[in-house]
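First chain A sits with chain B, and in the next complex the same chain sits with chain C.
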Partner chain A sequence: MVGFILHRAFWAIPTLIFVSLISFFIIQLPPGDYVTAYVAQLRNGGEYVTLAQEEALRQSMGLNDPIIVQYWRWISDIVFRGDFGQSLEWNAPVGTLIWDRLGLTLAISTLSMLFTWAIAIPVGVYSATRQYSVFDYLFTVFGFLGKGIPDFLLALVLMWIGFAYMQIDVGGLFSPEYQTAPWSFDKVINLLSHLWIPIVVLATGGAAGLIRVMRANMLDELGKPYVETAYAQGLSERQVVWNYPVRVALNPFISTVGWALPALFSGDVITAVVLNLPTTGPLLLKALQMQDMYLAGSFILILSVFTVIGTLVSDVLLAWSDPRIRYA
Partner chain B sequence: MTDQAINAPAATAPAAKENLYTAKPWTLIWWRFRRHVLAMVSLWFLAILSLMAVFAETVAPYDPFGIERLLTFSPPTAVRIIHDGQLHWPFVYGLARERDPETARVTYVDDYDKVLPIKLFISGDDYSFFGLFKTDIHLFGVESRRDKINLLGTDSLGRDVFSRLVHGARVTLSAGLIGVAFAFVLGLTLGSISGYFGGWIDASIQRLMEFIRSVPTIPLWMGLAAALPVAWDPIFVYVLITLILALIGWTHLARVVRGQFFAIRNEDFVLAARLAGASEYRIITKHMLPSMTSYIIAALTLAVPEMILGETALSFLGLGLRPPVVSWGVLLQDAQNLRSISLAPWLLSPGLAVVFTVLAFNFLGDGLRDAADPYGQ
Partner chain C sequence: MLKMNPQLSMPAERLLDLDDVKVHLPTREGVVKAVNGVSYHVDRGEVLGIVGESGSGKSITARAIMRLLPRNAREEGGHIQFRPRTGELHDLSALGRDSRAVRQIRGQHIGMIFQEPMTALSPVHSIGDQIIRTIQLHMRLDRHAARRRAADLLSKVGMPRPEQMLDNYPHQLSGGMRQRAMIALAISCDPSLLIADEPTTALDVTTEAQILELLKHLQAELGMAIVFITHNFGVVADIADRVAVMYLGRIVETASVDDIFYAPKHPYTRALLNSIPRLGVDQGRRLPTIPGMVPDPYSVPTGCSFHPRCGYSVAGTCDVRAPEQHIFPNGQAARCHFAEQLAEADAHV
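Coming up: the complex of A and B.
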């Protein structure tokens, strides 16, 4: 098991290098560089910057070096010193800006993933064991709808319904009066009353797909002889279903945890923009609109790194739950 | 071939049975597909939608950019067939503009005296028919200078949402199709190389695909799209956006193609071709690819909705297509805040269009996949 984990962790390294290259590529994409943007900002502020000064600034920051040297400087600063560079727009280190918001993004993503599973597993099992029942059809319709409705549209509609018909204020994570208040029981309640919309929005899309997967897996397993044997031994339906086929059917499920994470992060970006949540999404969007590329690139890097870690975790979970994979 | 015939729809009449055994594979697929009701409905829906998109200028009653100062945020016009308790050719009532005495907001009420029958092939705004000739014939409309028929209401500038929706369909659908075409070329090339040669080539292409999949799509799309300069020509931006969508979307297609290649690489007919001295290129293009066309078409159909959702999301966030280009995502930008949605819920109608289109492509793809599977029921 330890060997397996080490092997997988080793394989994650090239992926990490690749995502860092992509992030750096995105930082470099827009025309001009950091100094062009910085000088433009200074000039807007009324300061006088000569071309020679601009060139000197560029020289001192090493922007004339070959691209590979610049990449190395950027990545080594991040890896060895945790320094992500400076955000032009916010005039603050990128690191502090990101960590403030990343916690909440992770919390919302994790919660919605748990919620997705809490819906998808029981519903998938039910749909498979009661195939072609009324509820099976109902869940199938729900599954297709969940796949077809874009996250942001669902967020908009829920927000509208909440606002127009249920008289609750939505958007953001806290009501104005709790925004700066210290943590208390009431504040937590307030948080929960705001949190359900993003979680429902994020979970619906994921659950819709997973229900179909779970149902298909279960239908494959339910027809197998070992299930019949278990019934023949006189076990109750609940014992048979939950102890044997479900465990096998969960395998493809676990292996998609890694893919669920990028999907959640992606969905989170748009949902958070619509719902005005203080997560990474709106900040990333703003950074991209302002072409604040160090901030944007670092965001993409960190989100990707979390995805790689998520994939690693799902591989390990899969190996833990299925010995055949561990020893393959 | 016998496998396919046995699993094909049960034919009752002897003549039909005769047909079944001599039918070509594509005919069999079509027969199986026809029984899939949802897929057939989706096919019709998409066919009509595409026709509307192609002939957008004719189908739309008004110019998508035509501003109407006195008709802002007017609600959808109801098409009625009963006037004064009597059946009537489909018509709409004219609108009377009023002001709410308390909030001073403009409201519109039906003017029951003004009956405006809907006329087909009516003359309206001028437009150029595919650059061939100038005409002013629109599919439907009402004969009135002051009153308009706004099937889906108007937006903040009084532009007809239905007309904009129809024009947006052209951009959104074509972006999806072109994106899939790009992804198809990439996925087919890399997928077939990967699946046919195997070994280290396969391993490295697999790695590349895993790398691409490990980056969250939307942030990556956003990053690439945001780097496009604002000042560029909208058409050029449109092509680049579809390229960006395809650059990430091809991995799914490559997976399908590779899996298929692995499945049939060791079939007898491939071995026979190789023994007959066919070149690798000929084996791939003449023998292996045709045998998996149906799977590839199904996979392509299932890839379209993803592209459409991607374009919509990017444009919605303001990073994809930008006005004056009209796409469904651009239209949804108007529905971004609560105030405009509660004031004018019909601005969400492009969202409904997206949902229906995505669902239709999904059903169509599922139907095609089932129909193409010779071992299916």
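Coming up: the complex of A and C.
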């Protein structure tokens, strides 16, 4: 098992180098650069910028150097000094920008993922063991509704309900008076009163899909002979269902933990924009729009690192839960 | 409390008694009478072979005994009585699928082995875990003692290195070894009855012979009875004391294994036996087959359900009246209007 993990971890290194190269080159691909976008914005604002000034800006930001030199400057700072560079748009260190938002992003995303699983697994198991029962049909209808309604629309509806009928201020994670206040008990309460909308929104869409997956997996597994063997041993229905077919049916869930990690980080961008959440998703969107290359590049790099780590984590978890993979 | 039921009474040597068991399966196309009045009994320590084509209802009957019928199945009557070694009489047909009473019988008094050794064991639990779980469920043993017992069981079913085998997973074993593990699981609590549902069908003939040998050996050693379900007369000849032949949800003939092979009284049994190839006999001649096909289960023929395919059928009798069971002095029983005449004809040959 340790060998398996070390082996996988070793192969992650060349993957990451390759991914960092690709991500840096991709953000260079669109015509123009940050200065083009910045100057265009200034001109729209009615300011007059000469070509010489534009060129001087480029020179001072090092944008005229060969790409490979820029890449090396960027990546060596990250690897050796933990410095992700300066965001051109925000005029602040990329690291600070991202880490500031990362805690809240991870909190919201993890909570909504746990919420999703807590709904999807029991409901999926119930739907499969009581196939075609009234509740199975009910869950199916709700599942398709949840899957069909776009997240941002649900977010808007919930915000409207919250605002119009429950007299709570919605949007963002804190009321204005707590925005900059230090952490206190009241601030946490305030956070919780804002947090339920994004969590409900994010969990509904996810749970709806996972219920279908879990139900289908369970229906496959329940028909298999080993389930009948377990019954023939004298185990009760509850013991059989939760110890045997559920164990096998969870495998697809475990193998998607890997994708959950980067998804946690990038978040649901549109929902986050609609709800005005101070998470990383809207920041990434803005960085891409403005060709803020160090910020966007760091984002993509971190996403890739999360993907690689997530895949490693789900490989290890899967090997732990399913002996057929461990010994293959 | 159970003894109050006047229906419940069995001779002392009787282990299992099925009386007119009926199981219907409603489907979109209509109701399938999968088990249509099956009666048989199993005495202590005997091996009853149940032979029939696919769809004859032999497996469903076994599921009715285990109370593991498909959820949509309807039981339309009949009684199943069971008296394990411990002596108390159970009316199995009155027990619900997930009732405590039946869960204590399953695995403890009745063990079951299945056709597909490849898929009948959980892929994510080790062999040892699965056996230990059953042992701990029914016997008051701590984990350590249960593990020792599991290792003993594995060596009893002829698996090499039983201690290491406990930590192996089903996918690491061959088909024959998995079936051995399956048998160890089924006999883990010294059951009075072992139901073997086509346990050798998925195995190659060499392994099949080994598994049959093992079952005979275990049966003698543990003194348990076996209900052996198969479609293969050769296997039945090897292992069974008595044989019941099933056709379309009914038992058409019951007899000792010798009587079935040497003096079959039902035309269906005869036809089946005639269609088995024999070495050195009738070389160069086509093997006789049973004409026609098994009727589809939604339109079972009237009268005797075998009459359209039967060489002895008489219009006006066989296609009108369902035959009663004819019982012969040697205990042989056949469900055919002309069972006696067939027996006479035999005597003249």
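We adopt the following convention: the second predicted complex is superposed on the first by the 274 of 328 C-alpha atoms of A that agree within 3 Å, B and C clash if a C-alpha of one lies under 4 Å from a C-alpha of the other, contacts with A are read in each partner's own complex, and residues count from 1 in each chain.
Just so it is clear, contacts are C-beta pairs under 8 Å (C-beta built on N, C-alpha and C of every residue); 3 or more make two chains touch, one makes a residue touch a chain.
Every value quoted in this text rests on a predicted model; they were computed, and no experiment measured them.
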Quick one: is A:307 in contact with chain B, with chain C, with both, or with neither? Answer first, second, both or neither. first
For the three-chain arrangement built by superposition, which of chain B and chain C touches the greater number of chain A residues? B
Which holds for A:231: it touches chain B only (first), chain C only (second), both, or neither? second
If we overlay the two complexes on their shared chain A, which of chain B and chain C does A:323 touch? Say first, second, both or neither. second
Once the shared chain is lined up, is A:152 touching chain B (first), chain C (second), both, or neither of them? first
Now for A:99: first (chain B), second (chain C), both, or neither, which partner does it touch? neither
Can A:244 be said to touch chain B (first), chain C (second), both, or neither? second
State whether A:72 touches chain B only (first), chain C only (second), both chains, or neither. neither
Where on chain B does chain A make contact in their complex? 207, 210-211, 213-220, 222-224, 226-227, 229, 305, 309, 312-313, 316-319, 332, 335-336, 338, 341-342, 345, 348, 351, 354-356, 358-359, 362-363
Contact residues on chain A for chain B in the complex? 14-15, 18-19, 22, 26, 29-31, 144-145, 147-153, 156-157, 159-160, 163-164, 170-171, 258-259, 261-263, 265-267, 269-270, 273-274, 284-285, 288-289, 291, 296-297, 299-300, 303-304, 307-308, 311
As the complex stands, chain C meets chain A at residues 66, 68, 97-98, 103-108, 111-112, 114-116, 119-126, 130, 133-134, 137-138, 169, 171-172, 182, 185-186
Of chain A, residues touching chain C in the complex: 224-226, 228-237, 244, 247-248, 321-324, 327
